[in-house]
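In the part that follows, the structures are each spelled out as structure tokens.
The following pair of complexes shares a single chain, chain A, combined with chain B in the former and chain C in the latter.
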Partner chain A sequence: MNISNSTELICFAILSIVVILGSLGVILLRNIVYSAFLLGGVFMAVAGLYLLLNASFVAAAQVLVYVGAVNVLILFAIMLVNKKEELKPIKSLQIRRILSAIVCSGLLLLLIRVDLTTPWDIPGPAAIGEQATERIGEHLFTDYLLPFELASVLLLMAMIGAIVLARRDVLVSDVGTGDSVDQSLIEKSNTPLLIDESSS
Partner chain B sequence: MLNNSSVPVPLEAYLVLASLLFCIGVWGLINSRNAVRVLMSIELMLNAVNINLMAFSSYIDGALIRGQVFSVFVITVAAAEAAVGLAILLSLYRNRVTIDMENFNLLRW
Partner chain C sequence: MVISLGLTSQALTNPGIDLEFSFNQAIQGLGLSSELAHLIWLPLPMLLVLVAAVVGVLVTVWLERKISAAAQQRIGPEYAGALGVLQPMADGLKLLVKEDVIPARADSLLFTLGPVLVLIPVILSWLIVPFGQNLLISNVGIGIFLWIALSSIQPIGLLMSGYASNNKYSLLGGLRAAAQSISYEIPLALAVLAIVMMSNSLSTVDIVEQQNNAGLLSWNIWRQPVGFVIFWICALAECERLPFDLPEAEEELVAGYQTEYAGMKFALFYLGSYINLVLSALLVSVLYLGGWGFPIPVEWLADWLGQPTNAPLIQVITGSIGIVMTVLKAYFLVFIAILLRWTTPRVRIDQLLDLGWKFLLPISLVNLLVTASLKLAFPIAFGG
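Let's look at the complex of A and B:
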């Protein structure tokens, strides 16, 4: 085993450990802010895995979109909804956790079995390596042109939908209590961001 | 580098890593009580799927890297999903003044 192979193996091992431990921390840590930052670390490690797989463009897109946009968006959401609240203890929480862990590990065993027993068709054609970015561009503007345009429409829809949903005063009354919701309030702009807790 | 004898990291290693990440995401999705953490778990699952696509693209479809194109689309859809999901969460928080998932049971019979 020469030096490049062993370097790749060591990089893969380190990145997988970071991914697994980071994702466990994301779902298990009690403080949600730590979870969000660990999620950024997991995204960066996944970008490193993409670099190991000769995909520099997708690695850059992963860093830009996930770490730069999605993670920052999650941090903003945590900041906006950050209220210390005492979660009501629910009974049979522990049983629920154990049951779902059993189900998830069953799914994991199933996936690993499929993975290890399927005769994969390798080695495939030789990887094109550094020309991957050009090839992605060719794909996007020839045979994947329709999904590409649909993705732009989807992004526009998501942007408008997020703006409409996160406006200050689309709904001012609790949907649970059955109070009427005045739809003309959609255009009003100077009500407080959070509803008044003393009146509710 | 992709001769079968000299591949340092086999394809199966990437797939096992992706399935581990996916199952961790599923567990977090089921068991989180904070709604923001549910969205984080969904992002973890999407990343697991992306690792799968990239591994197949590099090992099996090395000449036409269609898996990488699909990964770009998945990243796009994930960004849109995160934006809309967090906006829904924000308006939900304004109505209910809580983000505990146990309180969002209006449609449960």
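Let's look at the complex of A and C:
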């Protein structure tokens, strides 16, 4: 075994331990802020696993999207509404725990079965290294165009929904027609935080 | 694995100075195996770049003191060394020996981890800064994308230190920093995307090479003037420099997320922000100002003087000119950043977010579209 192989093995072991222990921590820790930070660590470790698989573009995208955007937004939300709250004890907690344990172990068994029955070709196809980025682009714009476009439409819908929910200074009447606008979608229309000086 | 792949292909295609190759040859000449030679080589460039980054920070801090003094008609540091050049060292030493205070009700683990998380991504990003054809730690294929990904980790460290300080000003500063960082990341990435589209590569070396066909005239700043301005504004916002230093606005937030920090932990924040400034300046010079390229291509000069470009002496001179040019361009930009800091007022938080989302984002999208159509229309000038 040469140096690069053993380094790879050690890295794999460390990353896997971080992923497993980190995700356990995310679920089991009492402090939700710790959970959120640990989630970031888990995402980073997963990016490290991608790097070990020679998929550097996917690794960087993982860091950018999951750590830089998703995890930061989670932290943001937690810190903006971080108030101590006494939660009511949930009835029949034990039965719920048993049920979810059954569902989770069923999922695990399914995954293990998939893992054992799939004929993996070892060693896998040769790594294409730096050309991976171009290859991903080609796939996204040829045979995976439909899923790609569907995902972008989904994101657009989520974005428009977020804007509609977040807008506070809503127009009472339509600018073009002068009809009153249906505001049933909007939870509440607060007064704008900053007074618009140009209109007064 | 990825890294070594990039390097070997680089060494094969480009005849020129390849320090790694010659170093490995020399070590193997001493009778050691090639793997051992590689292991001995690995830490050297990293150490060199780390030292370069820290020295760059010392120079920048001195410049900041001197230029701010000039802007306010003072003399500035004068007694520590000639013209006060040792002042930054004195600052660093002071921070090193100061007491390390952790506030009584702070979360000590996160409080310690926060500054580290802020500093590490910034230093890692130096991986991709090229000072010459083969003068970078690794010519990673995803190059500039790696920097964008790494710089998105920083807000987590800021949020962490803001939260762990258990101080309302710290928390507000951390939240502001994260909001600012997220909103300026997007126009920044779009501006970079336009450049990537023109050079058909994410690698910083390819981006610089594509700009060095005709010296000064082929620099990206002429083809991407809007992108240059967007990138510069966003880079300043990412570094939290005035006019965008909302997260640590003294008058409103004491010192933002740094309020509770002292000693070496504060020094990590300080170091991180200045390393980030120098890094951003370097990347602007790489992306828009031709990186290591001399305003007149060195090959033309060598031709004109009747020297072969492959001669060892010419190669060494070319390499040195490359390093000097990169550093000169970067420090010109650092100078502008410092001048901006001491002459412009701070924007308000709503103005800051408006500028990011309602002005820079649409403009950078239009810039991207225009670049794409120009690339289709004039493939010669816009890298078809």
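The rule is short, and it goes like this: the second predicted complex is superposed on the first by the 143 of 200 C-alpha atoms of A that agree within 3 Å, B and C clash if a C-alpha of one lies under 4 Å from a C-alpha of the other, contacts with A are read in each partner's own complex, and residues count from 1 in each chain.
One rule holds for everything that comes next: contacts are C-beta pairs under 8 Å (C-beta built on N, C-alpha and C of every residue); 3 or more make two chains touch, one makes a residue touch a chain.
This is a predicted model, so every value here is computed, not measured.
**Q** Determine, under the contact definition given at the top, whether A:R113 touches first (chain B), second (chain C), both, or neither.
**A** neither
**Q** Classify the contacts of A:L80 with the two partner chains as first (chain B alone), second (chain C alone), both, or neither.
**A** Both: A:L80 reaches chain B and chain C.
**Q** May I ask you to decide whether A:S56 touches chain B, chain C, both, or neither, giving the answer as first, second, both or neither?
**A** second
**Q** Please identify the positions on chain A that touch both chain B and chain C, taking each partner from its own complex.
**A** Dual-contact residues (chain A): 4, 8, 54, 57, 61, 69, 73, 76, 80, 127, 132, 194.
**Q** For the complex, give me every residue of chain A touching chain C.
**A** 2-4, 8, 33, 37, 40, 44, 51, 54, 56-57, 60-61, 63-64, 67-69, 71-73, 75-76, 79-80, 127, 129-130, 132-133, 194
**Q** Going by the contact rule set out above, which residues of chain A touch chain B in the complex?
**A** The contact residues of chain A facing chain B are 1, 4-6, 8-9, 12, 16, 19-20, 23-24, 26-27, 32, 35-36, 39, 42-43, 46, 49-50, 52-55, 57-58, 61-62, 65-66, 69-70, 73-74, 76-78, 80-81, 83, 85, 87-88, 90, 96-97, 100-101, 104-105, 107-108, 111-112, 115-116, 120-128, 132, 135-136, 139-140, 144, 147, 151, 154-155, 157-159, 161-163, 165-166, 170-171, 173-176, 193-195, 197, 200.
**Q** How about chain B: which of its residues touch chain A in the complex?
**A** Result: residues 1-4, 6-9, 11-17, 19-28, 30-37, 39-41, 43-44, 47, 50-51, 54-55, 57-66, 68-69, 71-73, 75-84, 86-91, 93-100, 102, 106 of chain B touch chain A.
**Q** Looking at the complex, which residues from chain C come into contact with chain A?
**A** 1-2, 5-6, 9, 35, 38-39, 110, 140-142, 145-146, 148-150, 152-153, 155-156, 159-160, 162-163, 171, 174-175, 178-179, 181-182, 185, 202-203, 350
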